[in-house]
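As written, the chains take the letters A, B, C and D, and residue 1 is the first residue of each chain.
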């Protein structure tokens, strides 16, 4: 079973990469881009048929490794 | 308007990060994780009320900057 | 004095640190990340480099390695743990130090000399150090220290900010901040001051033919503090 | 899939070549065999257009342990130490995907070096981009620099020097040349030559995927339509795995388990296995079911052609498998026995117990095509006659500022600050000087290295250009106080099937050969990159020379920054006033014609050796060679680096002052000498019949010349630093 996760920076945490991308987009003529935030996306293939179980495992992975909860939030899709 | 985009490596393109993460998860006791692929997530705030227009702008951004279509695919959520 | 340098897959300043420690009188041992026991040591060093390729987040995967449990135990019992660059990142990822190291503000890797001001000399690392301002070298992509306002207040209240980026004269301001770190933070302690994480590399500055010599001051002072 | 002429052509083979294959093989090859032929017979592996001419290179010398023909060249630096080095191009991939292209270029060259048992100790790079105004240039530059840094920094090898050039001829074809130096014990060098029958053939490193399988010639006839999706032609680098592979290989090399070892570079498993067998005059048998694969259902065809990175092929002594496996397990790398050496003299490929290929090795290697391509001689252009009256409207200030901020002269700090240049703790001269210098760890010795090219000179007259690059490399090494030992070369050219391009190639090689022979500066390794062209427009001929020199005691190293007010500054070598092809002619006079400056090899050698003597006798304080931009530019850089000024003496030379300050005559250096040593220096210069001019006296801050020049060093620094920073900011 494949589970997808998105990890994003918490509100208020500086995102240098996002900022640089926004500026580049503006410079390329996309003037109305006001803000860009970059996050991570994970596609996890887990050998588990039960969706609830799989998702709860992935939640554990997020808390233990995939996200740094000091600055990041995660969302299982 | 906020548009969300996911950029992922094409099938078959090596994903060194994903591989390292998978091995670590296995080592941490998540034995049934068979594969992990890591991608990028973008949250783009664009000053444009019309959703179709906004999405088509974002599509252009993906092609020109956010994704390198030689090795990556993108998906506008 | 006995020191141990931990080698993670992808560490690349482990040898440099070994050379520096030995040069200034430590009996140093190299410890493999997969070992489960630490040798008897007065100082544990987590060296710089790219443990696990800096994949996922710098230091995150090394933070899960086998040896880390013993390092945490050692630190909690008051042992001296020094993390340089990637070592600092590992210390924050394991929670031994608060905050995180984010990507540099200009999104570029930076390799150059900087000045840092020592803020707190009431600890084993900097007690009696002969200079308040050291010229050291940085080489990192993620050295932008960040923490919440509450944490920052804690750091300040407990005098945990070890060193801040400054100019030659010791002024700390945004202009000379190389990577965007909050309050120009270059290094921090834990509350008890036995754990130090810092981005600059003293081990690259240990003789006059290199880019500077202030690393010599750091190591000489450290070993003399440990001996006394 | 049936093989016929069309399929062969789709694989990049020529009609005649396909015929030759059928004749040699006495049958039509199957598809896997065809793939193997096409990989081995393409330009990259077979050097079919260049082989004839590369034979003429000067490759011998007292210090040469290994010349061209192995993974890298090796030179002796005494006391049992040797330096392994080579340069490689990764031009096409870097244009398609600048980050990954450049990164894998760095990874590839490092493998070439550690495959020989050497620990990499320094990286260099030479990068050429199109015009700064071209819409792709900025992103390509950013991506390439990030890629080079991304890989080298992660591995932990310092990038100590390089070279960056912008010219519109690279608009559609950038150049990314990466060079690595490694240190090895003379008695512990590993080669790729297989030896012995029934020895296990081992695959180690990353798994094999469908990376980079024959990018350009990927035939639609061979595969169905969906294949495009599955076949990225760009490889992704994994520097983390490479670091593990490096440590694991060096650990295994500590004893005598290995008979021979070869990295899997271009054409992957095919070229590595064929080369090892060919050098040992043996056969080799591979069972592809044993190859660790990353993707499902890979065919023998794909496995043989894959260019996945971070892989090595090793031939072990019998009985050493267990021990070797243990080391690779420790480092978390794949390890698999995939075959053995045989006495068949054929390469035999098995998969699912069926034979997929059976080809005599010599057909792939020695019998590969060899072409004597047609070429056109390029004549020396007429020397221009400049109208000196025009110079009257110019002023020195403006010219100096304009040239200092020229894209090819300006400071490249923005680039090299993104490279870790101090890791390993032995970098004693960082980028920005004439050559990078690293100490040989734990000894008094140091090694200097520099990369150079000059496409405008080579374009104008390839023969002179070829000589010039070798001389420039030699000068850069001398300028830091090292004794030049040997070079590696990366020959970047257009289409060899075009007579003019082929002429450029042949004459550049001739020039390189002449200079390297005269200077006793042999070529020990190198690489040829042809077909650097888009839409029939080729790049300017760009041979890149990587030079390596030895400093016996690193305490005697010299830098270019001016040291002390009151010291004397001299120009060594004669200034004739050659402006044709100079930056001054191009930037200020807008004149692009004329011949490059002449090379006088006698003076070159005499001047260089005399400078080295002065350095060895500790008579000079700083030294810098005069290159692009001429005397005033070289001098300004010395001022900027030393945060000092200079009062320039009235000119004694008869030529016009613009000619004096901006001409690009060769074989010149600027040196700084203190008053105590000046008499001695004069004597040595006179004894050696070396021409010199007394240029001026170092002062605290101002660069002054009569009434005409009065600039603070801060202003010069600004002019020199701003261009690249601003360019990359916007």
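Just so we're on the same page, a residue touches a chain if its C-beta (ideal position, glycine included) is under 8 Å from a C-beta of that chain, and two chains touch if they have at least 3 such contacts.
These figures come from a predicted structure and were not determined experimentally.
S.K.: Please state whether C-D or B-C has more C-beta contact pairs across its interface.
M.R.: C-D
S.K.: Any idea how many Å lie between the Cα centroids of subunit C and subunit D?
M.R.: So the centre of subunit C lies 36 Å away from the centre of subunit D.
S.K.: How many Å are there between the centre of subunit B and the centre of subunit C, using C-alpha atoms for each centre?
M.R.: For subunit B versus subunit C, the centre distance works out to 33 Å.
S.K.: As a quick test, compute the distance in whole Å between the mean CA positions of subunit A and subunit B.
M.R.: Their C-alpha centroids are separated by 9 Å.
S.K.: Would you mind pulling out the distance in Å between where the CA atoms of subunit A average out and where those of subunit D do?
M.R.: 40
S.K.: Which positions in subunit C are in touch with at least two other chains?
M.R.: 52-53, 55-56, 61, 64
S.K.: Mind pulling the subunit D residues that touch 2 or more other chains?
M.R.: Within subunit D, the residues that touch at least two other chains are 238, 240-241, 332.
S.K.: On subunit A, where are the residues touching two or more other chains?
M.R.: In subunit A, 64-66 touch at least two other chains.
S.K.: Could you draw the chains as nodes, link the ones that touch, and say if you get a line, ring, star, complete or other?
M.R.: Graph shape, chains as nodes and touching pairs as edges: none of the named types, so other.
S.K.: So, with touch as defined above, which chain pairs make the list?
M.R.: Those chain pairs which touch are A-B, A-C, B-C, B-D, C-D.
S.K.: Across the complex, what residues on subunit B touch subunit C?
M.R.: Residues of subunit B touching subunit C: 16-17, 20-21, 24, 27-28, 38.
S.K.: Can you list the residues on subunit A that touch subunit B in the complex?
M.R.: Per the touch definition, subunit A meets subunit B at residues 6-8, 18, 21, 24-25, 28, 30, 32-48, 57, 60-61, 64-66.
S.K.: Which of the residues in subunit B end up touching subunit D in this complex?
M.R.: Touch list, subunit B to subunit D: 9-16, 19-20, 23, 68, 70-71.
S.K.: Within the complex, which stretch of subunit C touches subunit A?
M.R.: Touching subunit A: residues 56-57, 60-61, 64, 92-93, 98-100, 102-107, 144, 146-148, 180 of subunit C.
S.K.: State the interface residues of subunit C toward subunit D in the complex, per the touch definition above.
M.R.: Contact set of subunit C toward subunit D: 9-10, 12-13, 15-16, 19-20, 49-50, 52-55, 108-112, 137, 139, 141, 201, 203-204, 206, 209-211.
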